[in-house]
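Here subunit A shows up in two complexes: once beside subunit B, once beside subunit C.
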Partner chain A sequence: MAISVKVMERPDPESTSYLRAALSGMALTFKHLMNPIKVTQQYPEEQTELHPRWRGTHVMETHADGRPKCVACGLCPTVCPANCIRLVGGEDDQGNRFPLVYEIDEFRCIFCGMCQEVCPVEAIHVGQHFENAEYTRDRFVYDLDRLMEQDHPSTHLWDPSDPASE
Partner chain B sequence: MEPISGIWAYVAMTLKVTGIFTLVMIVVAYATLAERRVSAWIQDRRGPNRVGPFGLLQPIADGIKNILKEETLPATASRVFFVLAPMIVLVPSLVTFAVIPIAAPLPTPAGVVDMIIADVPIGILYVLALSSLAVYGVVLGGWASNNKYAFLGGLRASAQMVSYEVALGLSLIAVLMLAGNVTLTDIVWQQQQLGMWFAFPLSLAFILFVISAFAETNRLPFDMPEAESELITGYHTEYSAMKFSAFMISEFGHMVTASALMATLFLGGWDLPGSWDNAYWHEGQLISGFADDGSVILANPALWKTAATFAGFAAKTGFFLVLYIWIRWTLPRFRYDQVMALGWKVMLPTALAYVMVIAGAILFLDEVGLDWGFSYGLVLTGVSGLATFGFMFFLDRGKTISGAAVKEPQKSRVDRVPQPAALGE
Partner chain C sequence: MPEMVTLTIDGTEVKVPKGTTILEAAKQVGKVIPHYCYHPGMSSPAMCRMCLVDVEGAPKPQASCVTTVMENQVVDTESSASVANRRGVLEFYLVNHPLDCPICDMSGECDLQDFVHAEGRDHGRSVEPKRVFGRDDFGGDVLFYGDRCVMCTRCVRFMSEVEQDERLTVVERGNRSVIDTFFEKGLDGTEWHGNIVDICPVGALVSKEFLHKTRAWDLDHTPSICASCSQGCNIELHTAENLVQRVKPRENLEVNAWWMCDYGRHDYEWINHGQRIEAPLVRDATGSSRTTGWKDALTSLLEGASGLNGTSVQIVVSARGSNEDLAALTKLQDVMGGGDKVFRVSQADEESALPGFPTLARRKDLGPNVGGAELLGISRVGESDGTGGLEAVKDHDGIIIVLGDNLEDQDETFGANAGLYVYLGTHECAATKAAHLVLPVTTFAEQEGTFTNHEGRIQRFWPALQPPGMARPAWLILGAVLAELSEGVAPRSAAEAFMNLAEAVPALRGLTYEGMGLSGSVSETAQHASLD
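== the complex of A and B ==
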């Protein structure tokens, strides 16, 4: 295939008047100056709608009685590439496993969503939320209670068998 | 109506100095905000609107931030001159306002107060002298920083300001010839007498003056001294905190002064259409004009007239300030050789030729015996209109945009180099 070259038509500098060109440029900027449609998003007031697959702050799903769904199987700390999940499991009288300690370091987390993918009981999720600023660094280690308190919607991860999410 | 005298004159002077200085500083502060907001609007953004209603407290926040920041002094900088430069650059930009009349005279119980700090007889020469002083601060700041970018910025500033001072002065000559005086009060009075503002009978001088004023204040498209893409920020690269702020204040102070000067010289200063507001000290009397038989018509100043004319002056100055900002966010920066070519090859000859044309026209009109008045102005408007047409449509073709390189298109050429004879033949 032949390469086509687009030649820009430039006015001949010998016949161009800079002052008049400048004036037409000023007319253009004036049009934009008067244009009421601005692209700036007024952030705290106007929130961006997050996409369903947005992976942000984690959520721990709970049972109706308030217990975490987590069964302390240990898959998420194993799969976590950033090694940001600390899990200590416990077992009650009936042999039900539950997490004694479940901490996620949101600073270390790379928000890959593999913990949600690997979870057999759909307990840990990444969520559609990003505003997690704090005043101290240790506040970024989310413990179990804090993970259960998160009330933002959790992420719908991409399903290879249903690529268009239908 | 007597001019104010005695102890009250000192009181009035103190109030005027304080008031006008405060006013200029406030306008400078809000010009920085206006620059940011207008630039944002031109780029379809919103600009700073968080501090106070509509962002109106932003300049105060900026000021506080600049005061609290660390003052740095480069280790290799020349300590004395490094500290001295912001002062030298700041003072001329603020004191120039002293000779610009801002409103019609104000009547008080103690006498009539002129709304100008110092009505010095040298008027416009004082402005020119001080505006050329500002370049010393810039050059000194660039040199004392001991930084190559700052140094280059200072060098460019000196070359540019000296070059455009010539065109600035020459375009002023037309105004001075027409007004017959260098005092700004007199220039305003002559525009009132002519019945039209000098922007019309001296349209080409107006255009040349505006362009030169842009170059003098180092604003785009002439901001070679602080060309960000080439020189970081030029002469104030090494400055921080309040010293940097001083450079910014002086830049905006120059803008405000130049705007007020353009308004005074070419748009009638505080003059509003009609003769109701005219006022001028003529042989100890405040007059508003001359009757047909040569007797004077006394003016009667009033507070509302002062207020209205001040509003007119503020509107004209504001127009030029917005023009400054508007042009900054429209036009790209010139190349250095283009700045020099425009200054020396276009502006200087045009200004010189225009001085000749206007001098000839004024001489001709005086010989014919046409009275100083509206028809006098109309004839000059016609002459200047032709000159402006010639300037806008013929003279700047190919000269202003392109530099020397574009004038002669490079033709590719292949020279046949004679092959050296083969060895052994």
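== the complex of A and C ==
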């Protein structure tokens, strides 16, 4: 079958006015100017509302006395697919296992949230936060103190009353 | 020849000697029946009730660790009754066992964890509070977490039957029973108590040294030979992050069965010692030194040696060098002109044998390859603490080659008069100041090779760690030099280096790496020599 090509007939530019097209464009602009539904957000004055299961900068939960909840079991560095968690276990003065070193490299992290899923004591969490810009790269390695200081809310990846989504 | 019995286990027919237990017979068909209290090296109290299996014709499930096999017996380890029994027993264990796996050192290599994961219930039904004992220091290297104990009494039986020094017992009855020491005596002063940590099936007995150090699943296991005495215990080096984290015994009924001494178990920090020599160091006539590559270093070695034809070559080796290393050096010495060969080794005051397995002892010689050095005609010098004895070598004006000996007792004048002084070692010290060449070599944990133990058994070890920098096995370095001098072919692998050695030494004739395998072999000549 032969291919047929439709040739458009263009109006002669000498005898055509663009006024009508320009006016219809302006009409659209004015229509949006008056539209009460606005989608543009004035960030950073206006903050985006994050999805409830947003996985952002990590938070280490603490006990009431300020100790980290982490028991240094080593499951999060084991499960971490990006290999961005460094953990050295030790013992505190009360004989409890706790992390001597706990570091997360937020640059390497892929924010999959598996560290939170695997944690047996609900210590490490991903959080409702994404603005973690820094001036130097080494500042992206969050140590234990910095993870405990994070004041944004941590994310609930599942409903505590129905953890298996039944 | 013992009388043989034929029976059927899980549909597979197996022939075993009369008197074998069903549990051991099942191992022959590759079936491990879950158990806690049974250990092949000790008596069986049949108290853990995990190994109960269905035997056709028997009214009740039988404890396979004490029931011996009978002709035409039919055993089913996977019958619904056997599985239901194990499931029930495991549920009883979990009534009191705390599920503190995240903070337990045994997690990842725990029998209770494995069996519950395989066959246990996924939810506990017990609503009673668990009993709480807390943590107890048993002395020595052992911590006891009473809550985790499953009362298999392996540790009690090890101390009474194998070490034969009763330090542990079961106190109280029933639900309240717990392992305890006698008053404050504890395990202090015993020399084999590290084994009770190995045989504990759960995390009740843990090593203080290993506590919270690494998780079990992060460890790589490499078969090796203990380098702490001439017994040659078969061990596994457990490594993580290129460091030896702990040492565990490896089964070899001919040498150490399942056990090893605490001295060997804790003597591994020297392998991890930092500050290693990482590149060859060449010192010229003016005394200034430079680090360089291997080609340059070996060229200067050959140049240095060529001007000294006919002078005698004195060698000092360490009893931690492998057979291949020592053989390469002695052969090189013969080619270069020959001379005295000496080694030094520190000695313990006395042997300490394990009463329940008397052929295993911490030997007097605290070096793994004294047997190999003596087989190669290297003579022992110096005091019993591994010092002295090098007066003749120190001021020798020919060629001195030191391999592995750290020369801690020597000062800067060692080898100062030598025409050529080559030091092959791991660390620099005062006595290497005068060396014309300092060459980095690997430790036994970083290379493949063999040791000869006190009874002439040749046993292989495998590389567990990455060597630092440019360090190479000594047989490779010396083999290259030798090939250059004698226009031969340098060995490319440890197996080839051993083949050269086995051809040269009559006592080792016929031995190969494949033949030795994991458990080593005793050459016939060495066997005769030890019988004489």
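The rule is short, and it goes like this: the second predicted complex is superposed on the first by the 119 of 166 C-alpha atoms of A that agree within 3 Å, B and C clash if a C-alpha of one lies under 4 Å from a C-alpha of the other, contacts with A are read in each partner's own complex, and residues count from 1 in each chain.
Following the convention adopted for this analysis, a contact is a pair of C-beta atoms (placed from the backbone, for glycine too) under 8 Å apart; a residue touches a chain by one contact, two chains touch by 3 or more.
Fair warning: this is a prediction, and the values are worked out from it, not measured in the lab.
Shared-chain residue A:V121: touches subunit C; no touch with subunit B.
Shared-chain residue A:Q42: touches subunit B; no touch with subunit C.
In the superposition on chain A, A:Q94 makes contact with neither subunit B nor subunit C.
Contact with neither subunit B nor subunit C is seen for A:T136 once the two complexes are overlaid on the shared chain. In the superposition on chain A, A:A72 makes contact with subunit C only, while subunit B stays out of contact range. Put simply, more of the residues of subunit A are touched by B, taking subunit B and subunit C as the two choices.
When the two complexes are laid over each other on chain A, subunit A has no residue in contact with both subunit B and subunit C.
Those residues of subunit B that touch subunit A in the complex are listed here as 38, 40-46, 207, 326-327, 329-331, 391-393, 396-402, 406.
Those residues of subunit C that touch subunit A in the complex are listed here as 101-103, 107, 135, 211-213, 215, 217-218.
Listing the residues of subunit A that touch subunit B in their complex gives 12-22, 25-26, 28-30, 32-33, 35, 37-40, 42. Considering their complex, residues 71-75, 78, 89-91, 95-97, 120-121 of subunit A touch subunit C.
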